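Right after this note come the structures.
Paired with subunit B in one complex and with subunit C in the other, subunit A is shared by the two complexes that follow.
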Partner chain A sequence: MSRIKDLQKNLFGGTTSNARQFGMIFTLVAIVVLFQILTDGLTLRSDNLIALFQQNSYILILAIGMLMVIVAGHIDLSVGSVAAIAGILVAKSMADWSLPWPAAIVFGLVIGAVIGAWQGFWVAYVGVPAFIVTLAGMLLFRGGNQFIGNANTIPVPEGFRVIGSGFLPEVGPNTGYNNMTLLLGLAACAAVVWRELQSRRTRRQMDADAAPMWISILRLAVMIGVIVFASLRFASGRVGTSFPVSGIILVALVLAYSFYTRNTAGGRHIYAVGGNSRAAELSGVKLKRVNFFVMMNMSVLAALAGMIFVARSAASGPQDGNGWELDAIAAVFIGGAAVAGGIGTISGSIVGGLVMAVLNNGLQLMGVGTDRVQIIKGLVLLLAVAIDVYNKSQGRFSVIGSLTRPFRRDGSGPPTASPKVGGDAAPVKVAG
Partner chain B sequence: MNDVPILLEMRSITKEFPGVKALADVNLVVRAGEIHAICGENGAGKSTLMKVLSGVYPYGTYDGQIVYQGAETRFSDIRASESAGIVIIHQELALIPGMSITENIFLGNEPRRRGAIDWKSANRMALELMARVGLAEDPDTLIKDIGVGKQQLVEIAKAFAKDVKLLILDEPTAALNEADSRHLLDLLRGFRARGVTSIMISHKLNEIEAIADQITILRDGRTVETLDVKADGVDEDRIVRGMVGRELGSRFPDHTPKIGEIFFEVRNWNVRHPISADRQVCKNESFVVRRGEIVGFAGLMGAGRTELAMSVFGRSYGVYESGTIIKDGKEIVLKSVADAIAHGLAYVSEDRKAIGLNLLDDIKTSTVAAKLSKISHHGVLDEVEQYQAAEAYRRELRTKAPTVDEGVSKLSGGNQQKVVLAKWMFTDPDLLILDEPTRGIDVGAKYEIYGIIQRLADQGKGVVVISSELPELIGLCDRTYTVFEGTITGEIARADADPETLMKQMTSTKKMQTR
Partner chain C sequence: MRNFLGKSVAIGAIAALALTACGSGRDEESGSSGGDAKGFAANSLIGVALPAKTSENWVLAGDLFSNGLKEAGFTSDVQYAGASTTVADQQAQITAMVTKGAKVIVIGATDAAQLSTQVAAAHQAGVKVIAYDRLITNSPDLDYYVAFDNFKVGQLQGQALLDGMKAKKPNGPYNIELFSGSPDDNNAGVFFNGAMDVLKPEIDKGNVVVGSKQVDVKQTAIQGWKAEGAQARMDQLLTSTYGSKELDGVLSPNDTLGRAIITSIKGANKPIPVVTGQDSEVESVKSIIAGEQYMTINKDTRTLVKQTITMVKSLQAGENPEVNDTKSYNNGSKVVETYLLPPVAVTKANAAEAYANDPKLAPLTK
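Let's look at the complex of A and B:
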């Protein structure tokens, strides 16, 4: 087997979930490189990268929850309004009732949970379609925000602003870089190496051949390269800036929810409900509980996103969160989720969200007005999904699907089982 | 009666689907003004024949000749057959629930005046048609607000709106209660008196015996015989003999049952229909299962076997009214599917694709789907254990797939069924309920599935098999219950099980004696 073939199969065709993520990062990199050229290097400048993350962290947090809602076969149109009402209540709690800011954050999450329980109740236990419940919620909570805030803007104290506009602090010797960010990058590198080793071991236990060592090393080299590059960029910004706190919250949530959706029974139940709710029910999945959970979880994340936004803009206003639901939904669908439910990944949605974010940012850097940016974003969303739908209907390779669907070893891939295992399996032709 | 003119003659109709010959050389002669019944087991080809007649399968997709009113016809679609006066009323009614009776009667056939629908004359004509079928309702009533019996009448009125000459009814009384059934049969007699010809497909042999003039029996896609009810002195036994007269080859693996004690018992089980509250789908049903025993449930479509099984399996169907479940001497209450699984029950549904599997899944995730706790440690799924479990079942059941990463949607019916069986074997059940376990599966795979069922029984599990194929029940089951209209009508030991006995019990209203 030639090395090129090995490379094709293992690096992009994928042999582990790592490879899948690598493939998605590759797609994103292509867009970044495009804008890097078009904007004469503005895109990847430290200050722009930092701003990009700060401006989009709350949308990406929403995309995490929205992915789970959409996989379960629902939709949530109320996230912007929920973010707004949580934001105004938290701001008020600190301004009027002098709640200390850490307590206010907890208070904000509780508000999200209560609102989520309300919406989850209607969706799961009464059976009102989520589209309607959250359309109502959109009006209800937007009105609630303006009623509570009297349509005014309420400022938030300095301490609270950390979650939206804070950075990793400067500590340790003066290296010319932000040391904490460098440490974070180092930790990420170690985690990537650990995961690669872990996945090789898992594959051996599943009687499947791991990718050749040199491929693992190449893959690691590329990933570590990206991490090191990003760390240095984030660490070398204007003094006082570094990797944003909101970015850290985002990364922690992505890791936690990826793990939850992939590696726990609860996560798998969400996919089962979205894939075939009747079959899931007959397999003992508690349908109502799953639906309740995804709706409630979405509102908690929306409240968090609202608080981060308020913290970044230093005040809560009546128009906060307008249109966020559409950005979050677009991110999820560009990231390969199926409208009918059952298909989609957290990492796919994050990449979908980043694609939109980079597009937005790059076009703005090029001086394209918001009117045209919107037109372009709309077309990108439509085309990305249309090309995928068309390819699937033609029985051809699905670009988005190949990047986001849980990995499958196909018949033309590397030998998948040791001889003693594959003995009685008749060769079956597999449709590509 | 042979002097009556022939209205319809279907001559050597042959219809093939890829790999299956659904109809082979079928002949049917229907005389004007008679009620002609078509009988046969599930899959005998009755519905296919009617679809050929009504143009659902257009001319050219079948071989043979249809002579109607003295001339050969070549229908290209349903509209063509309807304009010739042939109207078919399907088992699943084709009415729009949110529209009124009038709107439904004239759907696609609206009386118009200068382009707009003429509701005044539509309502007037609807009233006339409703009077003809004996339906006393306001024509503005919505379909969803009237019972299924009246809906059936609306369907017939709709047929008359199209000036019907030959009315085809597919299982018209399957969903009706007894009073509604009687009314419908009276109505058909009235039509006969006025010269309308009817073809009726029905599983209810008592009704056929009571109403039909002629009976054509189909078996395995062939015409067996046509009987003249009065001249030949036909009774239910005679029809049954025609329907099942086939020999049973050795299509089952050799097996010596190892039957133990009774460990599972359902007593006086009563369940109502989930929507129509006045319909009782399980009427005081009781049955027992012994360890190592394969117990069959025979019955015609709509007899309520699936409903019984699913309502026992954690109340996943209908509204529970009363009844107890006893397992290993103790009463258990199963309020949810999770309860049922926890108590060692497994239910393999009759419809793999619709409710048995998530077709987006691959083999390994499907295999473990009903008991994720078995491969979890502190709530975290173990991918390696998942793989090992799926791979073990793939080998044990000889599922044909390159690896367990294969998507289940790509598998053949037989292999999908093996995945479903693996999914439920993985839950370590004591009692497996298999609903139509070999539906849509080829003969070779059937043999393998039978072997798996026998092995499960030999492990001391109880196995309940619901099947519409009598030979399957006779060949596989140690004991068979017959079900008719939500009632268990008989219990037949392996030694006494033959097609005639079963068919008779499963079409009879006589209730088995309570033990």
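Let's look at the complex of A and C:
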């Protein structure tokens, strides 16, 4: 049942808890349009879109892990420090022990896993609150970074930089576009169509009312429109640039983790633990294992994010990772996650992260200084969550939520405490 | 019906976006450094990316750039990195400046080794990049570097140390101690080598004696330019070496360390020797006027900014900017064409003259 509901929702989603997520997609589109006008078309120019993805992929990767941590009812303050210590160790491993770069990436992920296991152990098996464990970790690993790096900046070799500043290669005939990016867009279109057909078939097989044909076609038209737009933009950057490698890593992670959190027992357990850990435990969810996993997973992703940043910066420096935890946490909450846990989606967090990213980028293009940018970002975070809290306390949905209500009409069952929220392909769609 | 409305709005928005996408393939021309002798429009955008506003010096530089570029007829975009996420901010700012179509970007790097990707992107977009004050390393795409001559700074410090000691005590041999800056700072070694360029011959002649025999840059370095580090090292030197011997001079690479050294010596109740410095910090200028610290170096931000703007103007006119050093500054990928400004040594004798144009320091010298 939930599968059908998900498919039904995959355009904008439709449950109550989804209202804010839809609102955020809407906000994202509005912000993009606003800055597109204010910056005379710079915002959606291909070089800017490419830069936007390159600059923010590491924060969005952190947001994936942070969403799972927050859904499980925890928080992780150490991600910036973990990213920094992984970055400096990886840079050192290549500079001092001349580790080849692919091995160095594996090494970095192992560091993340070890650190994650350490934090997961304290959270899950000793029962120290994650806030405290990761606050300690924040100090511990920041100190470790300074200790190991001696506050030096250590450059990394060319090959390694690909994961942070590389692009899809130029292959095939000269079409005026980057062919690989076009192929990627084509594959995405095909996947969307396939999914839609699949959903209609499933519904027919189950003798459910298939959505009216025009809805399907409309939905497909919108999604394909956005994908085509995005891939043309990314493919038409300056020769040598295209969809960034870090963006591909991000998309792959989003798809994989969305599937995991929505469609697998392990993923659903995280929501169960965050919603009501006692009830979850009594229903047979292995509480400790889930907590251990989310903390460990977060550190692995933090290490990956750290490496991508180092690769993009061409060097690991003593300031890496400062303040990243706050960006990631903000993205997750703007994207509709509940502070108490149990509610939130990967795609929502990515949209939340993109709202912040576009805001940041647009203001920078307008030449607004970082001081004012920070003020504006702070207000946006507060407002986004405040509007949601207010609407909930009034017992009604947001304006946008009521707009989308008709979408829910053939979703079966009342959309009450179900923490499940839909729309996993959203970040890719909206990126354009 | 509302269903239809909601969707129409969404589609409308997305269609609007899609429309703006149409019609363009990739722009093949994209400048790529072909514009050497062409110049650009006189009201073009000039980007200036500076580190976080942590020192007065950078705030002053930012104001001078804003006003100076405006006076010269350019449109300026002066940005500081944020206080907490400095490197990432600066990277994003430089990228935004390229997107906005800046013709020249002046960068005062927060971390000189973490900007090569952005400098490369700027170069490919045909933007000229000038490194201001700090040399951007490991980048083959950096066009120019403008800074004060740091080797000369060291030489001036070394010379002032000798002159100061001679003025106090006409005949040697003189006992001195050497300090140098943080080992992770490129400039620290340059200052030290400059000073040793002057001091080494005297040490070899026996005219000047390093009491502790610590003459290697590794032994003299103060990690992170930390005042407490210099104070601790001076304390140790005083106990180990100068129980009965007299200390005549201390080579200090900057004002902060110089004042820490003086504090240590005062604490041990010894007469203050000749102590050098650099940066013209307010406290040190006061100290010089009071007769404690012997000298400092004036590297006037005004002249540095003025020189940078002159370079931008030459680029605008399509000329090659004037440089005076084409061999000393290798950033790890190439030798960068550099304009070096001469620093000025300031002692009590010439302080009033040296700071005459400085609204903050001039009153102190009266």
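Methods note: the second predicted complex is superposed on the first by the 363 of 432 C-alpha atoms of A that agree within 3 Å, B and C clash if a C-alpha of one lies under 4 Å from a C-alpha of the other, contacts with A are read in each partner's own complex, and residues count from 1 in each chain.
Keep in mind that, in the parts below, a residue touches a chain if its C-beta (ideal position, glycine included) is under 8 Å from a C-beta of that chain, and two chains touch if they have at least 3 such contacts.
Every value quoted in this text rests on a predicted model; they were computed, and no experiment measured them.
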> Which partner, subunit B or subunit C, touches the larger number of subunit A residues?
Replying inline: C
>> Quick check on the superposed pair: does A:Thr153 touch subunit B, subunit C, both, or neither? Answer first, second, both or neither.
In response: second
>> According to the stated criteria, A:Val228 is in contact with first (subunit B), second (subunit C), both, or neither; which is it?
In response: second
>> According to the stated criteria, A:Ala280 is in contact with first (subunit B), second (subunit C), both, or neither; which is it?
In response: first
> Does the superposition put A:Gly342 against subunit B (first), subunit C (second), both, or neither?
Replying inline: first
>> For A:Asn263 in the superposed arrangement: first (subunit B), second (subunit C), both or neither?
In response: first
> After superposition on the shared chain, which partner residues are touched by A:Arg372: those of subunit B (first), subunit C (second), both, or neither?
Replying inline: neither
> Which subunit A residues contact subunit B in one complex and subunit C in the other?
Replying inline: 406-407
> Quick one: in the complex, what on subunit A touches subunit B?
Replying inline: 202, 205-207, 263-266, 268-269, 271-272, 275-276, 278-286, 342-343, 406-411, 416-417, 421, 424-428, 430-431
> Can you list the residues on subunit A that touch subunit C in the complex?
Replying inline: 12, 26, 29-30, 32-33, 36, 39, 41-42, 44-48, 51, 55, 150-155, 161, 164-165, 176-178, 218, 221-222, 225-226, 228-229, 232-233, 235-240, 309, 312-315, 317-320, 322-324, 360-361, 364-365, 367, 369-371, 373-374, 402-407, 432
> In their shared complex, at which residues does subunit B touch subunit A?
Replying inline: 313-314, 316, 336-338, 340-341, 347, 349, 354-362, 365, 369-373, 376, 379-381, 383-384, 387-388, 391, 394-395, 398, 400-403, 405-407, 410, 423
> Mind pulling up the subunit C residues that touch subunit A in the complex?
Replying inline: 2-3, 5-7, 10-11, 13-18, 20-21, 24-28, 30, 77, 79-89, 91-93, 95-96, 98-100, 110-117, 121, 124-125, 137-138, 184, 223-224, 332
